[in-house]
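Sharing a structure here in structure tokens format.
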């Protein structure tokens, strides 16, 4: 039995609160259980040097935890980012870039800031899923302002964590479960359950091909539910997805 | 007339939302107009080297803006903090240390994290006023847990900004006013309106002794109101202030 | 047809040259096609703080490219490591820790230095596979010197890259193929083909569950061959693997 | 009674030695009691990016202590400046910018280097007062060289420290007094005793409006005397102040 | 008697293995006894700012030790280079710049990377002597590719270490001798035994003019032999040296 | 003829002003022509880790230029020291360590701070020669205070620069000469003209053994004169040199 009484293949309660702050074009407070991530999306004219003159845009992501987000206060990362932080912000960036047709964005740069206000495991997948909602709001504002004529959103993206405890698969681990898991998986998929990214690590021992497929089954179930929640949270969802 | 229709000596609407996050002993979302600062207070055993064996505790503060807190996204400060950030976190630390009898705290360190979620001027004074509320909640939890026998809070602390526009004093400037002001003042006081800190700068020209006293009159008015709001926001306020 | 005439599921020519330098207990020049990684294993008494007194050892890894390893000279990473470098050295460390019973190592720290002398893709998997051989030589020397009584090596570890080009799977991509691939996979397995780590990224579009399983089939084939090559390169292999 | 026999409202002996080094256009060794600050003023063509094309110049300041300036040798600040150093150099810069009409300077940047050779308290105010003299010499040289046609000096600036000991005000504290003071004030004024900056901190307890005004009275007395000394130290003072 | 049976004025066995890696235009593994330095020479279009428009090229050098190059593993230099590393790479750069007529190179920058794979003293002199061979190969490739019409190599450069043990001179010290030496000398000369650089340090006591001249006699003998070895290692040596 | 009318083998006017600042045990303003270096010597209890328990002391040196010391203002070195600065401070440290018997110093650390106030070439040699005088004053104070019973000064150390212009040797180059010189030499000797360090670099072309010996003849002449000046500047010189 899970600590919070959930079924093995059940997500935690989750929600997306749009317009959480008012200056960023897209601003969503994403909650998944006790995990809370503030996802802000900013858009600036211009692109990194390697895209100058290409007519294409770019998206980059930054991820941080507030020091008091965890049960024991953690030092801020100054001077250099930890390997963990860098891995996560690279993952968020790659995942959300898969949602966009950069030709339709034009030479603009989208910056996603995912700041964890409260951490109870699953912060990176909550950051991805919540930032997608913020991205949709940000794009929506550019369309309203007439800066963009056509939405560059060509795919919907969501992410979830799964893991093995005592050899059995579980969906959306909280902190207590995460610490006990022997295998930890993060999965990013699009609206058709096409895989964008899969990262699985055996913290102890190893896992079999059969177990890997069980974990992906659970991930698919969770992501399907998150895709629905995202669409409910995005006011004008129908008009934002471009087919290409 | 002020952009938001306030009287010259009128504060913006302000509020303190306690228990905003759940892991930090004290966590308050302080709002003052459109300025929003998340104030988290953490408490750890032990003190910096210069206090080892003294029997006394310490308080230190960190201040940051989220990148999307301002109208234009700002880069995070990595590698080194700006002079502005360092000045502000030193000011927050000094101001809140004036609230405490460190002998009653014992060899513990309080860390205040003031993270600005949304910035419309007055972030440093909102950080001080809100962090005092968070500090009271944090102390309260230590008392409930029996870690402290007696509250080390010996003074109440609040802060406000005032400024001169066209030679006239105004209380609690918002961003538009702040940019236009020729003199910028930050004032920190205790519950008896004793001055803890005063910092005034002429951005342009200079100001007279008479104007300085007008500004302090306005500051006193604003701080009196903030002191009342703080006490209303702190559940068990009566029992937390120790006379010494 | 592949640029170098290989079959889709064929590894590049590879070799492990032990004792490449003489001061490190384990030193192997691992080659896989034109990729060359110098893998050095050093062992010191003592462990990081979080393991002090635990009776257990630790393994950590560092990965770098020499500036002239690539077709265009690359700047050395000073000041801070790139996210890519950090990801890779974390992956190498996790993978090789899966080979060891740290109780049998005692409070010692193994440092793996993987320095890429020449890069033609697959540097991280070559680093893992080659460092395992260096690790075996390092452990062997500790046993000869009587510092260890029993080998802490409890599993054999190897890694390989696979990828999708035009929707078809290929094993062990070289640089030209790597640039063209739409999906890039790194797989780490033990001697029983138990999965230690799987990381797969769609650089473009997405991939299906079916394709993922094809890629893992190819990875299994490649890793089986690498496991054999490793055992041939390790002089006293039989005596080094401890069952636990 | 004060340690050096001064009256409460009496400055320490002070002097300005111009042309202390020969390469900087303005170079003054400013002494105030045992505090010695070498103030060098350099002038370069060009301005920071935010002023490009504005027709206006800029002034920036750097402040450091030599390691052996204090009774116990202090480490040099490498990698990052302390909050104290940053606060001080920002204060020096703001104060001296108040002396200049940047339109008359044109697109040039003045750099003030205040290096403390010996520290007995009051280093920041001595740096401001001494750097003003160095600034006048630097401007004078530009006028002699025909680079400037008209002096951009439109105000005279001086600074002094005051403090409360046992509730009583004292002017120009030395190190022993500074350590004992409960309230520490730095005041910057122009030639008409218009206030440019006031910073007051209660190190212990708080202070009243009445005490604040007593401190400012003392500061006015000290600054009047310093303004006279500055004018005596500047050879061609009459010709350097422009009315605007 | 020397630990390895050499005569006082006898070099260690040495060799230069060209084309050690394949991407750098010049790549030489230089060995001198147990010291092994991988010398890679890269050439890029463009020069540092101070040479822009001068028509002249530049050469810069980087020097590092692999962590496992020494008997005890050494930490990599991150954040900042040690004084020793900086001294050595400046010496390598100066020495090799003496080999070139930069007008004939044109506005190109040569980067020498000297990475020590194994260290048994004399790494800096081996780096210089080996990098000269790599430089010749790099120049040769530019000539073959028609990028250069005429070789910019106008001098041949080699370096050797000498030292005093018990007051007597010895050539090409190994690690054991280097530790015991009281005077340590590095000498760089050209093909006519003209001195390019001499650096001598008494680690203990001092040395006389007579001893200095004895050391230089030994250095001349060693360098003459190294000059011959270099010429034998450079395939088309005759055609590469330009008289100017 | 030299720009300032000196003979080829003539030093610039030089002087040592002791007790320039009052907090450091040894403080000397050393001048050599227009070069001015403030040399401060501080002494603290304790030694670096590698000498703990050895009964021996240590000496370390720091060297900096004030930004306005040169004709064009130079940026301060923050974040990292330049290779030039590191080389110089290592040279100063090595040279002055040659003056001391660290067993007589006991487990104390001497820190030499050489800050260049004005630079007209020869700053490193002036720093060494001047710091020796400051060191003698510092030792003298320790003896007066009874902290040391016997002086650890066992040798007198001085340094000078020499160079070749148009193939001819010159002593103690000033800036104009230094820029024009093709060979630049720094020589450190003890009171018997025993060589402590010699560093010679051909900036252009090379130099012969004969020229090297001419340069050392000039250096000996200059150093003999500096040794006399040092002894005249040290009040109680006779009693400070210990024979060992």
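A few points about this structure:
In order of appearance the chains are A, B, C, D, E and F, and numbering begins at 1 in each one.
Everything that follows uses one rule, which is that a contact is a pair of C-beta atoms (placed from the backbone, for glycine too) under 8 Å apart; a residue touches a chain by one contact, two chains touch by 3 or more.
Not measured: the values here are computed from a predicted model.
Touching subunit B and subunit D together: no chain.
Path length between subunit B and subunit C in the chain contact graph, taken as the least number of steps between touching chains: 2.
Across the assembly, the mean Cα position most removed from that of subunit B is the one of E. Note on B-D: its contact pairs, compared by residue number with those of C-E, E-F or A-B, agree for more than half at E-F. Farthest from subunit F, judged by the mean position of CA atoms in each chain, is A. For the pair subunit D and subunit E, the distance between C-alpha centroids works out to 52 Å. Subunit A and subunit F have Cα centroids separated by 61 Å. With centres taken as mean Cα positions, subunit F sits 34 Å from subunit D. Counting partner chains per residue, subunit C has residues 79-81 touching two or more of them. Viewed as a contact network, the protein chains form a single closed ring in which every chain touches exactly two others. One full turn of the ring, starting with subunit A and passing subunit C second, gives A, C, E, F, D, B.
Considering their complex, residues 79-81, 83, 86-87, 89-90, 94, 98, 189-190, 192, 194-202, 205-209, 212-213, 216 of subunit C touch subunit A.
Note for the complex: subunit D touches subunit F at residues 21-24, 27, 34, 36, 38, 40-42, 44, 62, 64, 66-71, 73, 76-81, 111, 113, 115, 117-118.
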